[in-house]
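Input: one structure, supplied below.
Letters A, B, C, D and E mark the chains as written, and numbering starts fresh at 1 in each.
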Amino acid sequence: MSATDTRPLLSVRDLKKHFPIKGGILGRTQAMVQAVDGVSFDVRAGETLGIVGESGCGKSTTAKLLIGLVDRDEGDIELGGKTLGRDISLRALRRDIQMVFQDSYASLNPRMTILDSIAFGARVQGLDDPVGRARRLLGRVGLNPERFAGRYPHELSGGQRQRINIARALVMSPKVVVLDEAVSALDKSVEAQVLNLLSDLRAEFGLTYIFISHDLNVVRYISDRILVMYLGEVVELAPVDSIWAEQAHPYTRSLFSAMPSMDPDNRTEKPPLTGDPPNPINPPPGCRFHTRCALAADVCKARHPVLAPMAQGSAHWVACHLHDAASGHPRAGQGMPA
Amino acid sequence: MTPLLQIDGLNVRFKGARNVHAINDLSLTLMPGETLALLGESGSGKSVTLKTLLRLLPEKRTDLSGRVTFDGTDIMTLSGRALRSYRGGDVSMVFQDPGLALDPVYTVGQQIAETVMRHKGISRADAMEVALDMLHRVRIPSAERRLKNYPHELSGGMRQRVMIALALACRPRLLLADEPTTALDATVQIQILLLMRELQREFGMGVIFVTHDIGVAVEISERIAVMYAGQIVEEGSTRDIIRDPRHPYTRGLLAANLHEVARGARLDAIPGAPPSLEERPDSCPFAPRCAFALPACRAALPPVVTPGPRRRVACLRADETLEIAHA
Amino acid sequence: MVQVTTDIPVVPPAQRGYWSGVLSRLRRDPVAMICALVLAALILSAVFAPWLGLADPYQGSMIARLAAPGTPGHLLGTDEQGRDMLARLIYGGRLTLFIGLVPVVLAFFIGGTLGIVAGYVGGITNTIIMRVVDVFFAFPSVLLAIAISGALGAGVLNSLVSLTIVFIPPVTRVAEAVTSGVRSLDYIDAARASGANALTVIRVHVIGNVASPIFVYATSLTSVCMILAAGLSFLGIGVRPPEPEWGLMLNTLRSAIYVNPWLAALPGVMIFATSLCLNLLSDGLRSAMNVRD
Amino acid sequence: MLSYFLRRLILVLPVAFGVSIVCFALVQIAPGDPLTAIMPVDATAEQQAAMRAAYGLDKPVPVQYLIWIGNLLQGEMGRSIASGRPVADEVFGAVGNSLLLAAGAAVIAFPIGTFLGFLAGYYRDTILDRAVTALSITGVSVPNYWLGIVLVIIFSVNLGWLPSMGAGPGGSQDWHWDWAHLRHLVLPAVTLAVVPIGIVARTVRALAGDILSMDFVTALYAKGLSRGDVLRHVARNAAATALSVMGLQLGYLLGGSILIETVFNWPGSGFLLSNAIFQRDLPLLQGTILVLAMFFVGMNLIVDVAQAAIDPRIKRS
Amino acid sequence: QGTLRIGMTAADIPLTTGQPDQGGEGLRFIGYTVYDALINWDLTQGDGPSGLVPGLATAWEADEADRTRWTFTLREGVTFHDGSPFNAANVVWNLDKLLDEGAEQYDPRQSAQGKSRVPAIASYRAIDDLTLEIVTHEPDATLPYQLAWVMMSSQANWEALGKDWEQVAAKPSGTGPWMMTSFVPRERAELVPFADYWDETRIPKLDRLVLIPLPESNARSAALMSGQVDWIEAPAPDTIPAMEGNGFAITSNALPHNWTWHLSRTEGSPWNDIRVRKAANLAIDRESMGALLGGLMIPAKGFMPPESQWFGEPTFDVTYDLEAAQALMTEAGFGPENRLSVKALISPSGSGQMLPLPMNEYIQQSLAQAWIDVEFMVVEWNQMINLWRAGAADPSVEGSQSINFTYFIQDPFTGFIRHLDCDLIAPNGTNWGHYCDEDMQALFEEIKTTFDADAQDEVMRRTHEKFVDDALFLMVTHDVAPRAMSPKVQGFVQPQNWYLNFSSITMAE
């Protein structure tokens, strides 16, 4: 599973998307939602990158940017060394990157049999025998093609529909699959079934996943590395064990502390974070987290921290003045208090 | 001590194009001041149980049987004024999606005050004072201003706080909470859970908290009842359920939580899907999905085993130590 | 009188063999079935009128004019020129239903296309189409129909033109709303993510899902259209005599109301019954398609 | 609120401009010569030419439009070709009468429609609901001009209870709020009310039904509120939409009363319009359509703003 | 005593300033009531055709030597409703109002109505207070008929109202037996008697006359039957039995009014063949058609109504004789296998058109039996007027070979000359069919130059005989101007004229 190839399969640089907010008497653009603001990361072949963050932090927008469902304002996307728009067309890119959405029902055309839904992509991309592919995949995701091929989405349970969506994403044999909260709407027991399926498929087809979720347990289970987003930015990016051992960014730490405890004798006593996630319309200057951060200092309001390795050559990256010895933060270089 | 709430042999059946046996022979006891988490998959009948307690089910389309007493009074016989003062006065409810459960065209202040006026018979101005006080108690910043806000002007977390303030405004003795944190972000969820815990202590009321997230149940409850197919399959103190789950379904749920699972390891997923409940179950409803099912499980309803005080498990093999064989 | 409002139908969830599902549910609705039968009878008799052995609807006898319904040889009596009422009512159904249905059909296609394009493409295209639609929406429908017909003058073709113009804007609006609703659904995104171009997505995924709500809406317009068309003829700016058309017959028979009220009421009854059936059928269709409640 | 109002107002301007173009164009596509109506049938060619020049009809169409719109902006709508009177006087007088009629119909239709709709919505899927639905479908299916004729025969001609035509015993100019005048309003207003009763009843039924099935209604009962309290909440929730439907209905009543006004010889805008059509009285036709359409546009604006004022959810978006 | 309320067919109150619009109805209700002409029509008897009688002029005469020079002696002591006296200067002022575009009082609206009615007038002047001279372009004996069109309004009133005709419209002043007291456009006008009217026999007996426009015929009937009006014009024929059954009176009388198909005589028109024209005239069963009109029509025997003083003794008997018609058609080369197709212009409505659609459909059915297939071109009434002015040769008529029109035929010009004069071929005039015939032209000339009234009538009879014998029109019916009224209306005499005398009427309690 670990990548031997050092070159990343997918490389994202400085991705930006600002949505205009229209309003006022003349309906002019009043403000911009900085949904994604300078996101960069690499994903190696066969790796699974987990993305976590609060609601509205730009996870889905990032995912949609990756397959061009939302147009980039800025930034580059490179797949297998080819840059989107320069070396490779969007259409071609979409053969290699596919996506599974959260709402299993809304992501299937209610007027199409599930077989047609799965085969559609293959047909569009001109692959041979789209129906045969679809039937095989249907079997592969655990649904008997004989019984299910002709059914309509509303005749399936949530878990079954999500399997269809996975099959649909796989029909073009993509290299990368983006899963945007693909299991969040499922019941716990069904979620486990689907996670098992995802693991199997990854192994069988050598897939690379970008797995978006707000459930840290799930992300930990499936991912190799975790990317933490806050207000459209990456605040921490690290291998899963490393981040589980030490959350370098105060926000990551709060996020982890917000997980309900599983120990009846050791329940959470103090909320790790107060208030709601702030508004991406007018993000605070400097470090975007400083308004909710217990360790914020003046420098956090003034200067924007950059994402950098914790130590030379470390795979654990963080964007926080605490970890930058030269930042001028009172606790700079000391890391987080225990 | 008399129980605050006692449910005996409750059955709920929905009639219509399709019959649904939503609740089947459910019994439950809640002592005053106790916090019980009702845990179960979607469709297991958690919400229906709560609605039955408030008599909120559509009367024409439901068959109800069984006995429900609240503090000694049979609530199935309540009607008119008595029913109204029971609802919202003695027992109140917090809903899953506060965005849908609040009237969109009244300010939150008006909505809280209205309840208080109806139950306490006080003036509007006084009721507004109570409302303001409640908003302070649920830690809503700048409560005076929020009082005049409409629900859509508040964030999800805020709205759920308002919902809680509304539910507690008349100092009920029992609070029913139907997945109040499911729609919220993890960071907000924990805030709400802690708030509820604190208010429960302060008001001393009993709480039934519906959730499908074991972690949430652990955070909030003293006791847990696990529901499956309209029945309680296991009940006990939170500690016992977490440390020593006896019912295979409870174990499956715990495993699915992924808390302690090794990365990349195969998950002990419960296979299959819950029954449709079009027929009343006459054998263990979990048997078709159960790795340990015996022929006897498919033949008749399982016996209720009571391994300890106030602990029960509806499983033939509750006393065995079972190990799931990995596939 | 009649008017066009756009209440936007909710996108109905599809069923196995969608239309057959709709039909089977419709078949279980007795009111809708009766209406469908009545309408079918009307349409069939209108279509096959020449083969029904009816009297000549254009040729009458002055001596036998204004005979009461039930007169031997004239089951429903005769009109002010002694022409057989039964024949005229049945032949009248041809024209009445024709100008009641054709504008809606045209509006369904034209408005539907405009609305789907506006809703799917969005942006400036949407703005241009929808602003023009807004302008036509600024006219109450009856006023617009009368104004256009009044300007163009009487005649079947002119009536068709004016009624089509009246019904395009509301259909466009509904189509646009439904399409932009559908467009924001994930399955459209999923289809786009497959690399399909806009035309394919519209053809495969959009039309199938917006056509039925637009269709339901359009069926609810047919009765409006029919009453309106008859109203134009009644005013003298619709169909021209001697063509049998119910609105026109109502107009010309008006003065006979004192001589033979039942006779004079017949065209009105036909309009009413047809429009009632259309309304009830469209209601039935709406619930069979599970649109709203 | 004010900014919402202003925003809506600014959106109205292009529509108003479009409306003026449509009104003007409408009349241009009309075949026939407007001047025939006012000249003796055997007027000579040069008399006609002189007339045409006098009315500015000899100029190119765009110039005519510019002149027309320029005059409009100065509140000058020209003169009726047929009567020679200022169009503004003719139209506003007639629209006033139509408004009276529309208001009469609204006074009948809105309360009845609302009541029936609420009843049906509350007792959904009962006999009562079916009855109301049947009634409202009947209301929208009946050609009301025909109904008007029937009512006249019954109540004026046969029973002699109510007058069959006109806006009062002495014409619309000496309108008084007494029975002698109001009885003239009864038949046309009732006839005109039939359609909006149906539409309002259907709308309110759907609204009440939808609202009653919403989660917050369950929550209201859970709070211990009585049925009356809950209905108050439902009414308040339905108010904005119901009022907007009614507002639009008023617009439709005004613009759609032409057939009824013809049947009842009611001196309103529809009556004026039908005369203008048959006489090819271009300035009057344009003026009447324009004023009615503008009234409708204004009505839409008022309805939108009122809806925003009533419904707290709208303003902010 | 009493108030008489009349439901008119007009959609608006006719122009009140003097020269009314709305055709015959305008002159009937607002013209000959509020105003007088120099020469009036005799409206007091209904037994015979009505003729001209002195109005504001007591005598008139064309100069023996110079037939273009007419002298009018005006009535003494006549005053307008505003009290100002009537005199010759006033007549000049009124003629300028219509004819002199430079005059201050020139009113395009009135001029549009009146100017074409007096084509003969070249100049005019007041000789003294009560003597007026009018000079015509050429000798024209029809001048008195022309002057019967011109209404005299008050100069003093106009001046008092700021020389503004619009003001005058609301407060008109004439010399007629009725004064208008109130006026609501499109709704009603109220007239009261003018106590100082010069003809004491015509001082109205009623207290008040109310005119209400009720263009929709059913609304008119309903208004009468529900008691909202006492009198309606042109009741729908089918409502007449019901009205009579309820005690309402129906009055009617012959009217110089002709419902006809004006035939095209352009090159290639089938109507150029007299056999076809005669056949068509013989193919129509006019008596049966009467059923359609509730009997309220006079089957045409010629162009003029049979009682007309100008009917004469034509030899061609206009009657129903299908055999004769078919014989004529055979002679002309047509037959059942070889049918003649013609195209006819008709209009679905129009002032005075009776019931154009059913009547035309009836004719269509009738002609079909004589192997003439009629295809209709149906156009709006206003469009029809345009096509009528354009003439049969104009492309806009799309080859139609006839036009269905109703003609006011009350005087020599409107009755005869305007339809067939070679100088009036459309679009220069109203000779729609482009007919031009030397003999006919000579007859017209003779009418204009015969100054003795009886002799002139004689010429007109000969003219009419030629109209009929040559079957120049498809002669169908004459209107009888039916009106329905409440039994309370008493003392009304319906003359054989477009205009009426309301002075004799009283209302019973």
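The rule is short, and it goes like this: contacts are C-beta pairs under 8 Å (C-beta built on N, C-alpha and C of every residue); 3 or more make two chains touch, one makes a residue touch a chain.
Remember, it's a predicted structure, so these values are computed and weren't measured experimentally.
For subunit B, the chain whose average C-alpha position is most distant is E. More C-beta pairs in contact connect the chains of D-E than those of the other pair, out of B-D and D-E.
Chain centres here are Cα averages; for subunit A and subunit E they lie 90 Å apart. Distance between subunit D and subunit E, defined via averaged C-alpha coordinates, is recorded as 40 Å. Spacing of subunit C relative to subunit E, judged by their CA centroids, is 45 angstrom. Each of the following residues of subunit D touches two or more other chains: 31-32, 149, 153, 157, 262, 278.
The set of subunit A residues touching two or more other chains is empty. For subunit C, the set of residues that touch two or more other chains comprises 153, 236, 254, 257-258.
Every residue of subunit D that touches subunit E in the complex is listed here, in rising order: 31-33, 36-45, 47, 50-51, 54, 82-85, 90, 93-94, 149, 152-153, 156-157, 160, 162-167, 170-173, 262-265, 267, 271-272, 275, 278-280. Listed in rising order, the residues of subunit C touching subunit E in the complex are 58-60, 62-63, 65-66, 80-81, 153-154, 236, 240-242, 252, 254-259. Touching subunit B in their complex are the following residues of subunit A: 1, 54-55, 157, 159, 187-193, 195-196, 199, 214-218, 220-222, 240, 254-255, 257-265, 267-274, 276-277.
Here subunit B touches subunit D in the complex through residues 51, 54, 56, 83-89, 92-93, 95, 97, 100-107, 114-115, 118-119, 150, 152-153, 166, going by the rule given at the top. Subunit D meets subunit B in the complex at residues 214-216, 218-226, 229, 233, 236-237, 239-240, 310-313, 316.
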